[in-house]
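In the part that follows, the structures are each spelled out as structure tokens.
Both complexes below contain chain A, partnered by chain B and then by chain C.
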Partner chain A sequence: MRGAYYLPIALGFALVARHGRYLPLWLPECGMVSSYTAYFLLERADMPALLAVVVALIFGSACALVLHFALFAGHIARNEPFAALLRSIGVIVLLDNVAGLLTGGYSLAFTRFPLPSNHGPIVLGGGILLTVILWAWVNHTREGLGYRSVSANRELAIQYGLQVSRIDFLVVFGGGLLCSLGGLANGIRYGLTAGMMSTTGLKAVAVVVAAGQENLLTVAIGVLLVGILESLCQGSIRFSAFEPGISYGVLAVGLAGRYLLSPWWVRRNMRKRWRADNPVPEVAG
Partner chain B sequence: MNSAWLDIVVRTLLGSTLVMAQAIMLNWLRVPFAAITLFAGIAAYATVAGVTPVIVILFVVTVGFLVLVRPLPRDRYLLLSLASLALARSIAGSLRGYGGELGMATSTTWIAAQVPKSAMPYAIALFLSAFLVLLLLRHSEMGLAVDVARAAGTEMHAASMSPTGILTAIMLALVAVLASLTGAVQGAYTGWIDPNLFRIDYAITLLVATLVIGRMPVRGTLLAMSFFLFPDLFSQFFGYDHTVSAHLREIFWGAAIIFLAGRTGSPVRGEA
Partner chain C sequence: MNLQRTLFRALLALSLIAAAGCHGKENAPGGVAIGAILPLSGDNASFGITARNAYQIAEDDARQQGRIPLRLVYGDSRLDTKEALAEYGRLVHQEHVAGFVEATGSGIALALGDLAARDQVPILSGVDTSPLLTTQGGPFFFRVVPSDAYSGKVLCTWAIEKGLKSGVLVVNQQNGWAVGFKSATTSAYRDQGGAMPDDAILSVTDETVDFNSAIAQLQKKNPQAWFVGLMGRQAGLFVQQAAARGIKGPFLGVDNLAQSEFVDAAGAAQTRAWLELPSEIKSAAAASFSAKYLQRFQRQPDSLAFEAYDAYFVMLGAVELAQKSGQPVSGAAIQRQLKATDFEGLTGRVQFDLHNDLVNAQYQRFTYDGKGHKIPVQ
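Coming up: the complex of A and B.
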């Protein structure tokens, strides 16, 4: 079930990463913002649970929009993925430390939001449903076609008159909402700490990068498998130390497959095909 | 000078050495390398595992990072260098012979654990070596070649004027040696090794410091030292809790990265 808690974060990240053609490492932090907001509204301001959750999700998504348009939209327009990644790291460091300062470094837990006993199947079912809806939206709707067009070639999409700013808004809001949802689910399940999303988010990011952000279904399956493997490792004394490293192992294998082995495999096949098409003429005598 | 201040000085010198070593790869050569603590952490295990196996592992890791420089996009390379820390942490945690996840005490004859005076000469020597390398990169002909190699990432003409691959290999080897020696001294001085040596959040903290110091040897060195000195000095003079001071430091430096990464011609943007 653990993978189900990573799933919304991975989906949100994949959506925004494909759209902006960079790694928005900062996006999972919206989950932390959302979690802490829900905590303060519920536990300190005594707001009704449902209202607190809705306000927290909207606040997390609004935070994603503000950060995107204030800090990252320019990098996307200028196609600067590395500068955007460095800025993402700055945002993570800033937000994590602000949260650490505000809470004195202590962990927090929701006391007025008890988990239902069947929370696992609910989160898993919700995650699978979200994946299917998102996959259908991206691949089989008119808006999804616009999203794919902007992701493939932003300049061309602008020239063809697509409403790029509207798509930007929708995608970042959607990605922020998914990460807020994931952050809130993680916060309710595992408690709140200042660096809660930098660790969990990085795990989800690792799987997305390994699977490829354009393959939502592969990302979902990968995240769920990582969750299963982590649970198996945690249950074994011998392999428990490997639990935090599984997703990064997947990342290393995925990157090696994509950037080291894949070109070699492609070249080998091309050479074979060329040889088949151009047989060496036999020399007489 | 009392022992507490000497301890601060030793930790500052060792931390600054790691930042300066990482700056050679990241700021001078534009290789998005963020795993300096991987070399330091592996070398710290040499204090209990012996020198030979650790050297072999360090060599393999160095070659691995070198091979990946060209094929991987820069953002993926940075992510992979951070991921390598998590993998190393898992592997170190599984080594029951070396204390597993709890770690174990180190004992060396050359540095007494938690005795700053015994570690001070090594810390000063390593710090000065790193500073000297930065000065040479700034003022020597080889430094000029490194500048051209950095430009080769974006300029086609520059690529033909400098042996980028060889320079990257030399610099990575140099960085690996500096970081490994620093890690070994850190391991011997703290008197304890555990998988927390490979924490990603510490690597990110060092990455932030590395990005801010840019490519100015003197100013960069002073900035790196101030980064490590700040929490201790702030808590000593203003009575703040050390953890609060560290949070304030990282908020300030995180904001600096956000600001600098968006500025044209800034040291951080220059790396991008």
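Coming up: the complex of A and C.
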């Protein structure tokens, strides 16, 4: 089940990574922002749970938009992935420190959130549903086509008259919303700490890099697999200590697999295409 | 572009403020410089912040008593040995501290022991309980908190007395304290007739927050006692997740289960915890300290705060005696005075044995009432 908690973060990350053609390491931090917002609204301001969750999700997504347009949009326009990566690290350090200062360094836990006892299947089912919706949006809608076009070639998309800024807004808001949702789910289940999204975010990043940001279904399967492998590893007396290394193992295997298999796929597809273009003439008996 | 630049500068300035906040250096000018290597940021910041809060109250109390408070110089270790070593070097060689009132983390204290002996800088701790420190802490390491060799034995005695003769243990293998707790608990439990085979001990890491597989694995052993070698939040999550699977416990621990973060994370399952803690002396001074702490920091002090307060006054007493002797206040002079300590603190009488461990530690058994309050049990 634990992979289901990583799922929205990985999907949000993949969505924005493909769009901006960089690794938005900062994006999972919106989950922390959302989680802390929900905590303060629910536990300190006595706001009703549903309202607190909705406000927190909107706040987390808005935070993603502000950070994106203030700090990263320029890098994306200028195609500077490494500068954006460095700035991402700065944002993570900043947000983690602010969270630490606000809470005096203490970890927090939701006490008033009515978590149902069978929440595991709900989170898993919700995650799978999200994946399918997102996959359908990307691959079978007009907005999705625009998203894919901008992701493939931003300059060309602008020249063709696509509303790139609108797509930017939609994608970053959507990615922020997914990460906020994932962060909130993690916060409710495992509590809140400054830096709570660092490890979870890195696991999601590892899977997205291994699976490829354009393959949403593979990303989803990858994070669920990481969750299953972590659980299996933890349940073994001999291997329990290797649990944190699972996602990095998946990253290594995924990358190796992609590099080793891709020439084979390319060759096979080329052969297929050649055969389709050059049918073998039937030899008359 | 200008807006972006301005926003970025504002964020940078905020981050510098945040970093400065996490790296507070000096507290009160005037007194002898004493270092405190604490986790003031990161996942374990609550340890450092609790101790720092207690020192602030101790400084005020020292002033009220007409004494010159120590000039505390903080180093932020993030509970990481490398960071702690760097902070130790800075505090000893740049800030010229004469001793340390804390070096949080048994692993860190073990790493600093030899350096402290070389530099003749005494380290006093109210947190570090690893049994290894008794033999490997060196002549300049002291602690006002009992070793886990002792607390583990007392905890296991409690379990055996209650007829809990098969036990399991979950332990964070990346945590120096937890490793010490593991060795102390397993040997004491087995010595007293308890069954805890090697495959009933499961290791997790700092990053583990979902323990369901570990719990399922340990559950197969049909344990009567669950020993918890995890700190604060992790311990709370473990107990909460085990309770959600219908496990009644008891979950046994020491001061790791006394942290407020354990209470928060465990939620209603906190009532299944059994804690063996150094006795809290019900003195007027302890009550006054609790009231001041609550008023100033809006939190109940946990046992760590009491120990930190005692450590401060033990160090202050040693510094004052070193000053009275007419000799320059050096680390070696403070160490000599620490050896002769006989101090009545909030947690009882503080005296050190040949290994600079606390002698005559008194323990008390507790559980929780479900509202985060510890209640003594027989």
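What we mean here is this: the second predicted complex is superposed on the first by the 254 of 285 C-alpha atoms of A that agree within 3 Å, B and C clash if a C-alpha of one lies under 4 Å from a C-alpha of the other, contacts with A are read in each partner's own complex, and residues count from 1 in each chain.
One rule holds for everything that comes next: a contact is a pair of C-beta atoms (placed from the backbone, for glycine too) under 8 Å apart; a residue touches a chain by one contact, two chains touch by 3 or more.
Model, not experiment: these values are computed from the prediction.
Once the two complexes are overlaid through chain A, chain B and chain C clash, as defined at the top of the document. Of the two partner chains, chain B is the only one touched by A:83; chain C is not. When both complexes are overlaid on chain A, the residue A:107 reaches chain C alone and has no touch with chain B.
When the two structures are aligned on the shared chain, A:126 is found in touch with neither chain B nor chain C. Shared-chain residue A:144: touches no atom of chain B or chain C.
Of the two partner chains placed around the shared chain by superposition, chain B is the only one that A:206 touches, whereas chain C remains out of contact. Judged by the touch definition given at the top, the superposed model places A:249 against chain B, while chain C stays out of reach.
After superposing the two complexes on chain A, the stretch of chain B that clashes with chain C is 240-248, out of 24-32, 42-50, 204-212 or 240-248. Residue overlap on chain A between the chain B contacts of one complex and the chain C contacts of the other covers 71, 74, 90-91, 93-94, 97-98, 100-101, 105, 195, 199, 240-241, 243-244. For chain A in complex with chain C, the residues that touch the partner chain are 1-2, 70-71, 74, 90-91, 93-94, 97-98, 100-101, 104-109, 111, 117, 189-191, 193-195, 199, 230-237, 240-241, 243-244. By the touch criterion given at the top, residues 1, 3-4, 7-8, 11-12, 14-15, 18-19, 21-22, 39-43, 45-46, 48-49, 173, 198-199, 201-214, 216-217, 232-233, 236-237, 244, 260-261, 264-265, 267, 297 of chain C touch chain A in their complex. Listing the residues of chain A that touch chain B in their complex gives 22-23, 71, 74, 80-87, 89-94, 96-98, 100-101, 105, 195, 198-199, 202, 205-206, 209, 238-249, 251-252, 255, 259-260, 263. Within the complex, the chain B residues that touch chain A are 32, 68, 71-76, 78-80, 82-84, 86-87, 89-94, 100-101, 195, 200-201, 204-205, 207-208, 211, 243-244, 247-248, 250-251, 253-258, 261-262, 268-269, 271-272.
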